[in-house]
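Two complexes follow with chain A in common, the first pairing it with chain B and the second with chain C.
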Partner chain A sequence: MLQPVLDVRDLATYFFTERGVVRAVDGVSFRLYPGETLGVVGESGCGKSMTALSIMGLVPRPGRIVAGEIRLMGEDLVGKPDRELRRLRGSRMAMIFQDPLTTLNPVLRVGQQVTESIRIHYGDGTWSGGSRRWSWLADPLGLRRRRIAWERAVEMLDKVGIPAPSERMRAYPHEMSGGMRQRIMIAIALSCSPALLLADEPTTALDVTIQAQILDLMRRLQEEMGTSILLITHDFGVVSELCDRVMVMYAGKVVETGPLDAILNTPRHPYTQGLLASIPRLGDRSYRLKPIEGTVPELHALPPGCSYCTRCPVADEYCAAVAPQLKEISPHHHVACHKVAAAPAMAGEGVPS
Partner chain B sequence: MSAAYIINRFLQLIPVVFGVTLVVFALMYLTPGDPVEVIFAGESGATAEDLERYRRELGLDQPFHIQYLRFVIGLLQGDLGISLVQRQPVRDLLLSRLPATIELTAVAVLVSLIIAIPVGVVSAVQRYSTLDKLGTAGALLGVSMPDFWLGLVLMLLFGIHWGVLPISGRIPWGMEPQHITGLYLVDSVLTGDWPAFRAAVRHLILPAVTLGTSMAALTMRVTRSSMLEVVHQDYMTFARAKGLSGTQVVVRHGLRNALIPTVTVVSLNIGVLLGGNMIVETVFAWPGLGRLVVDSIYNRDYTVVQAAVLVYAVTYVTMNFLADLVYTLLNPKVRL
Partner chain C sequence: MAAAMPVRQQPGVTGGRRAWRRGLASLLDFWRRFRKNRLAVVGGAVVLLVIAMGVLAPWIAPHDPTQADFFRRFRPPVWMEGGSWEHPLGTDQLGRDILSRIIWGARASLTVGAIVILIATTVGVSMGLISGYYGGRVDAFIQRVVDVLLSFPYLVLAIGLMAVMGPGFSNMVLALVYKEWVTPCRVVRGEVLAAKRQEYVEAARAVGAGDAHIMWREILPNVLSSVIVVATLRVAWVILMEASLSFLGLGVQPPTPAWGSMVAAGREYIFQAWWLGTFPGLAILVTVLGINLLGEGLRDALDPRLGE
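So, the complex of A and B:
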């Protein structure tokens, strides 16, 4: 059996606020295999970003990981000192964010920002392009390191489709278009050939045509470099373009997970069904948006049973009292719902492309 | 930033400076009290005709616009007039006092930056920590304490109670280093005159700390608040995600952004301080511009006051201009 690139088990990340403990991520488990793309979907605030930040070890205060394991290529990251995590960030695992305008530093030139992670990881043994430990002896002023980082950065810009890459190295982020900036961010993230890429809504801030280009780019680079991707998004269109498997989150928990096809065509959890029903369909003029009624419960005051029971059309007292566990209902398709038998699949409901 | 932008911005200064000369002149013209009477005060035996003749000689009998025109023409030739009391060119008087003020300002600013920027940055990064609380409380104290009060307290403690530091003047009489720039620290280093250097430093400490405290407090607060905004920016998280350490992120990515407002505030403040701080210079008998102005006001030495106000205004406007330039240098988005 293939070793997973990422193996997350019972991850719990809580925020300790004055109003109480916010369970942003509450017992999430999943695996990501080499070259695979796992989509993470769910409404705003369900803990998608915090799951990714937990993996990076960058949960902001007052949050912290309270339980669970995060194994990156077999190595548990939880509780590792920051110094050791730093070696892995940017080299073995990388992350890209939603808005490239605010994610790139406005006062530094693009070249500086792209070479930065290469220079940091050059020679620390994590980047295959870098040499080993004592390399600084042969290069005391870091000139070679700088030159290699520069060349690698230009190569990366070229790879992500930036025209005239050597010249663009000297530009500032605000001198580029949104799509270009997102390409730069991808170039930075992939510059040390990470095994894992965490992409937090990488296309949400872009307009539709640019979105398609960025998705194409990500697919192409993934094939080329074999990176595993955890793709966070609100958009089932993006999911259907890129993902092999999908994980649906609600209030810090995984409620349904399975192969792309199963989730899109035979969703079993009432929440997943609700999400899919709320997607506007192209070409269907009579289509009316059916948003899920109600709002996400406050994460510091969750009901004892199923978190979704307050909005669920089929919930009963049992749902409100006892939390459902994930169970496998068909190969690789897991659902956490007491009513799975009672929640029929929405037959024939595809996703717009 | 293009040369055209700088030139353009510089040309904009001209009408401002021109306006300043008009206001300064008008104020002095309208101030009650006759300069000629000041000159002859105490000189018994001057008759009314003597005064009248003297007025004519100074051109004080002319209408406003003629007097103003003469004033401006004089300025353009570098002539700031003659001190009514000391009977020497105002320009020489100002120039002789300028180095003392520049030296005090430079050291005060340096002291304030060395304290304020690290404290401001650390307070923001470690928000709500003990250091943040101390820093914030200190800053509040610093801005609330009036300069004259702080100056007097320091003087009492260090000068009189413990007797470890001198409390007045720039240097003991006769110890002045050979005159090169007029800045004692620089001159004494250039000539290798270490006793003078030591003495000059000791004399600078109390006035510079007094002057630097309120500025440090202000700078610290500006730095802290802009850093607080910066630490939550996405690019800071992204930099961490690249593998940089917390300190590297703050220094390489945070400071450049956070210091943009700080630099602006500090440059404007330098403009104010360079005018000479009348209170601190008076408290510590510091022979700078501020003291000169205070003395001249007491003596009703109008031409000196007039020229000094003009110098203040021009310095302020110039620092404003420089602050703009530095701002555009630091912030590539406004590079024109």
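So, the complex of A and C:
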């Protein structure tokens, strides 16, 4: 069996607030294999982004990882000092954020921002293109480092489809469109050839036409560089475009996980079914939108049983009392629900493909 | 904003000329916004004039500013009876040419202003960055120091320090820096508090940047325009303080000419020879006003949030 790029086990990230402990991520386990794309789906506040930030070691205060392990290429990241995490961030694992308008520094030229990651990791032993630890002896002023970073950055801009890359290096972010800026962010993230790319809603802030381009670009670069992608989104359209497997999260827990096909066509958890049913359909006015009633419960006051029981159409007293565990119901398809047998298998309603 | 950024030459790429042209373009852009404010342009012109006066003093001053002539004491300005073009603004109680002394006096004011602001801004910006970025106890400590310093009246603190250290140029610079760093510190801290929550800081962290990198390379460029504005405006204040200290005999020591000490000397003869103190006083007024106008113009032109 292949060694997974990322192996997360029983990850728990809690926020210790004045109103109580918020279980943002509560016992999440999953694996990501080389070249694979795993989609993480769920409503706002279900712990998707916190899972990604936990992996990067960037959980904001007052939150922290309280249990579990995160193995990146076999190396456990939990409890690692920030110094060592810094070495891995940007070089072994990289992240793309939602809004390219705010994630680029407005007063720095694009070139400086794209070369940043390479300059930081050049010579720290994590970037394959760089030399080793004592390289600064041969290059005390960092001129070589700068030149290599610059050349690599131009190459990356070219790769993400930015026309006239060496001229664009001197532009400021505000001189570019949203799609261009997200391309820049992707160039920054992939500049050190990371094994793992965490994409937190990379297309949410973009126009629909640009979205398709960006997804296309991500797929192409993934094939080229063999990067594994953890794609966080609430958009099943994006999931069906890019993902091999899907993980559905609710209130900090994984409720259903499986191959793309199984999740889209034969979802078994009532929440997944609800999410899929709430997608609007083009050109079908007679079809009524079916939103999931209610909202995600307050994370510091979760019911003792299944956290979805407050909104679940098939829940009973047993659901409210006992938390369900993930069970494999067909190969690689896991569901955490007591009512799997009872719940009607929703077939074929699927997704706009 | 763009104009404030240094144009960094990147090696390994041809097209240095293009980069230069781009820098020039953003500078022109800045100038276009700046010149809309007529008063600021006037202020800038005044400041340039005063700087030129200080730099070119040995060549443009008609007389030696320290040369006393007891046969020409209390000569009035040229337009009054008994005045002559030889001493356009008259002479003082020792027969020294007042115009020459004002021209030379610009040096003292400008040097003190520049040195104090340079040191104070460096210290203040560093402290503000550390304070705002790390927060917590470090922030609390630095801000308490700031509060303590703020609770002293500026002049009283400076006088007290000068009394301990003794008068003189370098002691005056020290005494002024002692409190002057507080202003850039508070301004920078406030801006850092806002800037550090921006997403680009998190993005920088996500590529492996450390605290120092984030503070100096990511946040500092974002607060630089306010630093420039504050520094400019504070130069005027420091020049006033220098004049006050020299007026009190604690600053620039005679016979070196300084506007403050000239005003002090003129005070004694205000009823017999008003021109002794009035002209250096006017020099202080015009310079401080010019710097303030320039500073406010810079603020409007540099701050992108105020709109085009």
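Keep this in mind: the second predicted complex is superposed on the first by the 353 of 353 C-alpha atoms of A that agree within 3 Å, B and C clash if a C-alpha of one lies under 4 Å from a C-alpha of the other, contacts with A are read in each partner's own complex, and residues count from 1 in each chain.
The rule we apply is simple: contacts are C-beta pairs under 8 Å (C-beta built on N, C-alpha and C of every residue); 3 or more make two chains touch, one makes a residue touch a chain.
Just so you know, these numbers come straight off a predicted model, no measurement behind them.
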item: Overlay on chain A: chain C relative to chain B, clash or fit; value: clash
item: First (chain B), second (chain C), both or neither touched by A:Leu104; value: both
item: Touching partner for A:Ser117 - first (chain B), second (chain C), both, neither; value: both
item: Partner chain in contact with A:Leu143 - chain B first, chain C second, else both or neither; value: second
item: Touched partner set for A:Met169, first chain B, second chain C, both or neither; value: second
item: Touching partner for A:Arg311 - first (chain B), second (chain C), both, neither; value: neither
item: Touched partner set for A:Met56, first chain B, second chain C, both or neither; value: both
item: Partner chain(s) touched by A:Ala94 [first = chain B, second = chain C, both, neither]; value: both
item: Per-residue touch tally on chain A - higher for chain B or for chain C; value: C
item: Which superposed partner A:Glu151 touches (first chain B, second chain C, both, neither); value: second
item: Colliding stretch - chain C into chain B, listed as 27-35, 45-53 or 63-71; value: 27-35
item: Chain A residues contacted in one complex by chain B, in the other by chain C; value: 56, 58, 86-91, 94-95, 97, 99, 102-108, 116-117, 120-121, 172, 185, 188
item: Chain B partner contacts - residues on chain A that touch it in the complex; value: 53, 56, 58, 60, 82-83, 86-91, 94-95, 97, 99, 102-108, 116-117, 120-121, 172, 174, 185, 188
item: In the complex with chain A, residue positions of chain C that touch it; value: 1-2, 5, 8, 10-13, 15, 18-19, 22, 198-200, 202-210, 213, 217-218, 221-222, 224
item: Residues of chain B touching chain A in the complex; value: 233-235, 237-246, 252-253, 256-257, 260, 330-333
item: For the chain A and chain C complex, residues of the former touching the latter; value: 56, 58, 86-91, 94-95, 97, 99, 102-109, 111-112, 116-117, 120-121, 143, 146-147, 150-151, 154, 166-167, 169-170, 172, 185, 188-189
